[in-house]
Amino acid sequence: MSNTLKHLKEMISSSGLSGFESPIREIISDAWEPYTDDLSVSKLGSLHGKLFGSGEEPRKSVMIATHMDAIGLIVTSVKNGFLYMDTLGGIDSRVLPGQMVVVHGEEEFPGMIIQPPDHALPKENQSGPVPINRLLIDLGLEEREVAQKVKIGDLISFATEPLELDGNYIAGHSLDNRASVAVLTKTLEILNKRQHLWDVFAVATTQEEETLGGAATSGFALRPTIAIVVDVTFAKSPGAPDHLSFEMDKGPTFDWGPNTHPKLFKSFEKVAKDFEYSYQHAVYSRSSGTDAITLQLAGEGIPLMIVGLPLRYMHTPVEMIQIKDIERTARLLADFISQLDDNFMDTLMWDAEKEEDEAK
Amino acid sequence: MKSLIKALTEITGPSGYEEKIRDFIIDQIKDHVDNFEVDALGNLIVRKGNKASNGKVIMLAAHLDEIGIMITHVDANGFARFSTLGGVYPRNMAGGRVRFLNGDSGIIGMEPGGTIKSVPDIAKMYVDFGVTTKKDCPVNIGDVACFERTFTDLGDRIVAKAMDDRVGIAILIELLKNAKTGPNQIVGVFTTQEEVGTRGAASAAFGVMPDIGIAIDVTITGDTPNANLMEVALGKGPAIKIKDSGMISDPKVVKWMVETATHAKIPFQREILAAGWTDAKAIQVSRDGVPAGCISIPCRYVHSPSEMIDINDVTNAIKLLSNLVSKTISI
Amino acid sequence: MKIQKNKEWRAPRIRPKNIELLENLSNAVAVSGDERAVRKIVLSKIKDLVDDFQMDALGNILATKKGKGRNLPKVMLAAHMDEVGFMISSDEGKGFYRFEIVGGIDPRQLAGKPVLVGKDRIPGVIGAKAIHLASSRERKNSISVDSLRIDLGPGNSKKIQSGTWAGFATKFSQIGPSLRGKALDDRVGVATIIALLENPPENIDLLVAFTVQEEVGLRGAKVAAYTLAPDMAIALDCTPSLDMPLWDGKENVEYRSKIGQGPAIYIGDGATLADPRLVSLIRNVGDEYKIPYQIRQPGKGGTDAGNIHKQREGIPSISISVPGRYLHTAASIIRLKDWKNTISLLHASLSHINNQTLKGDRRR
């Protein structure tokens, strides 16, 4: 089993829901410890790993942001021996009935999300999807024990075990965005053995699935010269529109749109071409749906690039991704960072006359 | 307490036009605090106590503004069209009256159309001042108004417009007057423009740079007939917010609040609010981040002209907040 | 019929190995028409416990355990080996396989589930469109089976032939007072019969049938009962407990059975009216032996008894079920004490069966 696979399996077997990232932060912290010069935790719980460059001070810095929080559920009521719930992050309640979960009450209780029988539902829910406020969780325990040991606000995470599939694929929950964290771990590992002039800020951000608050505040605290957001993107699968979805096993996507700095995008393309990495073009017209939304706006503003990992069935407990895509992306990022030099920022200068010619 | 809440709720102060209510508060607190200032967006920032080396700067935010309307057009016959400031629901407008900053009142009229039971859009509504010409209409484009409704005392339960968030204001005034600050500094911030997007709180937090941020606001309840499932009820104590649709309270702050309430035997409820948020949302992501939470007063019929709360929840909220701010905090 | 409690009687013990057997049975995938995996486990367990056994044309396992003496009543016990699941219908490349549902599964239970495909148990998932890509109008409708695929990953493209069966991949677990696993309907019945064969009553000839294709029409039971030609039959199954709270807080009056309230005795369901003499025998035994039981609410549904009682000249039949929540989904939940009481009630009832049992009054 590759290190990446092992690391990723450990991460997706852990909890760490949006706003409550402590369990996953500890795992990532252990993984980054050997590859960073300094590790700290932000006021909102993001993990900041610093790897100092070899350039002269004051050094420029590149921040790589990968959110570590996962989607999940939260207990809203405990009644009649059953739990009621709401979502943390965006979950289609149509994938919930019959899911195995862990309820983090006084102990970790295995539970199951259930769709009540028709006669227990109002008429409008008896066919068609049952809304989340009508779904229940059964812990297999007697009513008294449930009332004693679970309370409003307790967290509920998916319990789907990681599935290794032939051809270096893995399926499970929370691959969004632990797969990108695995990219970052690998990038740090490579950079450790390599010369790089710039400081590298590896950041595992919090609350991406709810508020994007982790990236906003870490960006403000670290004020990197440039930033790279790595997040998952849609892989081709049933129902995914062709123009918005990408192939697995063909490298990461480079995402083009207003959160992306156009010249930084170009320099990524150049590095990918020079080093012969395959990559795919993705476009978003307004907002990238990632940490980039707030990170770009931190402080005085940060030139930013978005790299996507194609993943099937995003925000379900059976997301699927390819390990090779993770490793390739890590090498690409390391190669990009290694070539950052004192003059790099000159290439990002806005130049009105030149822009005219370069317009896409 | 009730008389303070009555006075506060009867003042008109829609988002962006919080001057009257701010002046009233300054009058109330000026002799009890170390200093106060009004910032560029109109937030009233009040400091009390000195931060010791083991202390924290605690920002307590309650918003000054209430939902309201803004005149967009006055027609030839003196009817005034309007748009909304904050979450004004059309169904709460029927038969209502509004009062403008200058004291003028008008009634909300609606164009016919639809069925007798249907609620028209705001665009089909107007304010009728009882005049017949544009010249006689007492208001102009841009003038603002709020619901006009008197305070009603039902015993433990009290009802008024703008209980959101004048009850929070009342609590904060009470704290600034009487709370012990221990090693901490309380920065009471009476924020502006909450109802249009927590705008005042964002600027205030940037300036205050608190160690901890707490909003004091109202939350909805699930204790009325056929209400949506929500485990918050009037009279069962202040609600400690765990999550709303804009913020996940810092788990460390929640733990601190729960432990403090439990230890002091103050009743409390756990709040998960499916839709809506408070100033804490903006405070949390200020600068490099602020551990944030919220103490909510359960309130029925939020954003209607008759918002109902239980006075015992107010008393208990004051107790809880006094306990929170007066001791050494280890978060 | 008056029952006198036999003071010598001891309830058969459910030991960890019985639970382990149920675990293995639950984790095995045996969708209607492909009961191999369960048949293998059953055969290995019973071959030393019975006097003889055979497999018939449909794949039922039929076995006999004779009592002591001649002309003993022949009592058939039946439990079905099959479970609801899926069948692959075509390979669409890149790991995507189209599938059909086998048995009664609510399509709303499919999205986002791990599955196991074929005899090699190849892991896969039934994915669902990302919420970001589903419009709010789309989300007002259920996800159709037509739009779902079993995904084995691109590395398993062209690996599976159409016609291959697949099942939910949920792993069995014991949780506090409960057992949770897929296909407890009717692996708990299978495990119950095996527990009885370990403690066989000596006053009757026990004819057991582990049946196939129950979930697609009680098919195996039909030929099994014909072959065994018993004097009477008891179908052992798992019946739905629909005992959840109602959305509006009203009393739940359509619960079928309630979990934790003991074995559910059938008086009538959609397929069978239970023989009244067997009903009173088992109820009286329950009362005299103080074994809790409940009457399954008469109504829809059916067990193997539905076909057994109509074979040959007619076979007096009844069903007893362990109440189970969430049957025909990725996992069901039963209470361990309900299972124990089912075995006790059954064992004690069998010990009171004699040649007079069916001579009694049909009225209750």
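Every chain is named by a letter (A, B and C) in the order it is written, and numbering of its residues begins at 1.
By our rule, a contact is a pair of C-beta atoms (placed from the backbone, for glycine too) under 8 Å apart; a residue touches a chain by one contact, two chains touch by 3 or more.
Every value quoted in this text rests on a predicted model; they were computed, and no experiment measured them.
Asker: Taking touching chains as linked, do they make an open path (line), a single closed cycle (ring), a hub with spokes (star), an all-linked set (complete), or other?
Answerer: Topology of the interface graph: linear, an open chain of contacts.
Asker: Quick check: more C-beta contact pairs at A-C or at A-B?
Answerer: By the number of C-beta pairs in contact, the winner is A-C.
Asker: Which chain's mean C-alpha position is nearest the mean C-alpha position of the whole protein set?
Answerer: Chain closest to the assembly's C-alpha mean: A.
Asker: Where the centre means the average of the CA atoms, what chain is farthest from chain C?
Answerer: B
Asker: Distance from the CA centroid of chain B to that of chain C, rounded to the nearest Å?
Answerer: Going by mean C-alpha positions, chain B sits 58 Å from chain C.
Asker: Measuring centre to centre with CA averages, how many angstrom lie between chain A and chain C?
Answerer: Taking the mean C-alpha position of each chain, the two centres sit 42 Å apart.
Asker: Per the centroid of Cα atoms for each chain, what is the distance between chain A and chain B, given in Å?
Answerer: 35
Asker: Would you tell me which residues of chain B are touching chain A in their complex?
Answerer: Per the touch definition, chain B meets chain A at residues 228-231, 242-243, 246-251, 254, 270, 272, 274, 281, 284-285, 287-291.
Asker: Could you pull out which chain C residues touch chain A in their complex?
Answerer: Residues 94-96, 106, 108-109, 111-114, 122-134, 139-143, 147-149, 151-156, 159, 169-171, 173, 175-178, 180, 240, 242, 244-248, 252, 254, 260, 325-326, 329-331, 333.
Asker: What residues on chain A touch chain C, complex-wise?
Answerer: The touching residues are 79-80, 82, 90-92, 94-100, 109-110, 112, 114-117, 119-122, 125, 127-130, 134, 136, 138-142, 145, 160-161, 163-169, 171, 234, 236-241, 244, 248-249, 289, 312-318, 320, 322.
Asker: Could you list, by residue number, the parts of chain A that touch chain B in their complex?
Answerer: Interface residues on the chain A side: 18-20, 22, 42-44, 74, 76-77, 84, 86, 88, 133, 151-153, 207, 210-211, 213, 216-218, 220-221, 294.
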